[in-house]
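Going by the order they are written in, the chains are A, B and C; count residues from 1 in each one.
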């Protein structure tokens, strides 16, 4: 079950990175009053409408020896970025970006502005206000963002197909593996893997939602 | 850049727009390596008979599964004769129409600006330190991939290069990997190596005896809606003109009496 | 903790443009000095009271002006000084209280002291919870705390930081009179030791009377009056302010006759034949005066009343009846137009309709002479 472990590893890495990168973006989108905000909102939402193959294709170009990211990678590590786990992570982060940012943004926006004012007047700077007021009150949104990013990455196929190169243990995720089995007419193996994936995913999601219900406090954010 | 775009999109089986021309139309499923050859065959056939040929390119294994599940093609040009044979045995093909239209050849290909002189080095090119990734088609289900692995083993370097291999979903994606520079070398179909987007690269043809023959066969499908037109196109491919076109694009034509011989 | 207490003064000269979707935009243009103690900020909604508080706290930036505390500038457009709210040491209690719903009362109160060492923080929190008599609620969340106690905790949270100024935006709305006065007492005793400027926004007359040392009346972004509560509110000088204080009727008249012995004077309303008796004021015969009467102080009679103690009975006709919620606004024409409030039940019982002849009854002391 190499492929399964790889898929989970990818999903975990990507979700973690998306939380770290996505929160500042979501924060800015929620609280900025810049007129051009809609531009960034559109860019963030792009991966929702682009076919994964298109995204994967452009990611491959960017990671290639002539692309900006590829050049940097080669300079730093001496080899290309495509066909590596890091390459998958990069492409997947792009692909799942809106799935993390949008729930976070909505959650942040939902926090009563008066609470933010109160925090400021009581001497808390932006960081402390974020950590102690915004984040705790946005907890449901954070969980949603995390779960969506994780699940979305787990099921990814098109992007991985474009940039992975199908290397066992490195870029052969479970979705690619199932596809390979189908291509080689090994329907039995494909079926077994698919069922295992479904069962584990369902278990993980179920656990998260169950825990989330108990953790959610019934106070309203308003 | 645009050439690569074309290569990728078409070879990942984005179907062509449906024809609006009057007269008949046939739907052809063709292996990825036929991209350029089939284009010319189809155009010439249409000019001569008025029948439009709509071609979808992809991996033979993929098409096989789809056809088994009722995909509405009239003709299947497989890169592996085994798929065609299986369809015939399974009753999904018109009996007696199986035709081995070409024998595929593989080459080692490097981008034009590569420092590696692959024409001189041959197999040693793959051992060069600057070659970090070598793209081949997936040997699990692509005949060109299987041939590449067989040839590598015959050349005695498979163990050494295996860690460097990356697998394309079909031979076209393998070609795209190396064309875009993400892989520094690739073992790809001759027909793709001499095609317009790739002919400026450096290549070395792998001797045919180093791998089992890549017998490529076509077959008319039982589910075909336009059987007569399909047979007509197949006859066209068999004709002198058809064979000349295939040869032009890097395919070796087997002797006529080897049509449906076991491999 | 607090050494020699020097009374402080907050000086605010603010110019701020207010744009809102519903109301036409206007400019807040004020210049006030707020000394130690409680100053009430009074005015109709939309006058700019909350904006004024937001500017002082640093939550909104004025277009121009200067806000200083004892000479230390918090904001000065001329020299580009603008302290963020975090650094102003100004406490602000919002109308909605804005208690953090996910923190306990204790944690809420401790929020402004997070930079202090734990022991000192805990002791100050305990002290103020005690002073405001809510220590038993320390572990509870705001959602579980009711009415007046939430206000106390909000006050405690703001005051535990030993602010230099306290801003309160209608903090006691919705509480009953007893609770209000209890909280006000606690606030007073807290301020007795510290004597900081406190700006208190309210609409309620009772709060003004209970609290006010000074009142600043704001209308349309401008200060229209400052002074003792009685002066500012009981003798409204401006029509809108009078209406804000509940006087729907403002009538111009001429003094006809003074009766010192009875403490009244007769006033002719407008150019009409209507004459009413109003409390004696500093006026001479022939002076022009303004009389303010609350709509709620006017009685309507369907037949000519007799034997009433009220000295003013005027005959007129109903010009319009408009129902607003549980109240009917009746306009009665008797040479001048009066606005009276009656209940829908009364309208039905007296069969009041437009055009009907009615009598207005006004007590002398319901008529307030303005200037």
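Here is the rule we use: a residue touches a chain if its C-beta (ideal position, glycine included) is under 8 Å from a C-beta of that chain, and two chains touch if they have at least 3 such contacts.
On a predicted model such as this, the values are computed, not experimentally measured, just so you know.
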item: Innermost chain, where centres are averages of C-alpha coordinates; value: A
item: Relative to chain B, chain with the most remote C-alpha centre; value: C
item: Centre-to-centre distance between chain C and chain B (centres being mean Cα positions), rounded to whole Å; value: 86
item: Mean-CA-position distance for chain C and chain A (Å); value: 53
item: Distance from the mean Cα position of chain B to that of chain A, given in whole angstrom; value: 37
item: Touching residues (chain side chain B, partner chain A) in the complex; value: 5, 8, 12, 59, 61-62, 64-65, 132-133, 135, 138, 140-141, 165-169, 177, 180-183
item: Touching residues (chain side chain A, partner chain B) in the complex; value: 53, 57, 60-61, 63-66, 70, 79-80, 82-83, 161, 165-167, 180, 182-185
item: Touch list for chain C against partner chain A, complex; value: 57-59, 84-92, 94, 96, 98-102, 111-112, 114-115, 141-143, 157-158, 161
item: Touching residues on chain A, where the partner in the complex is chain C; value: 112, 114-115, 117-125, 128, 132-133, 136-137, 217-221
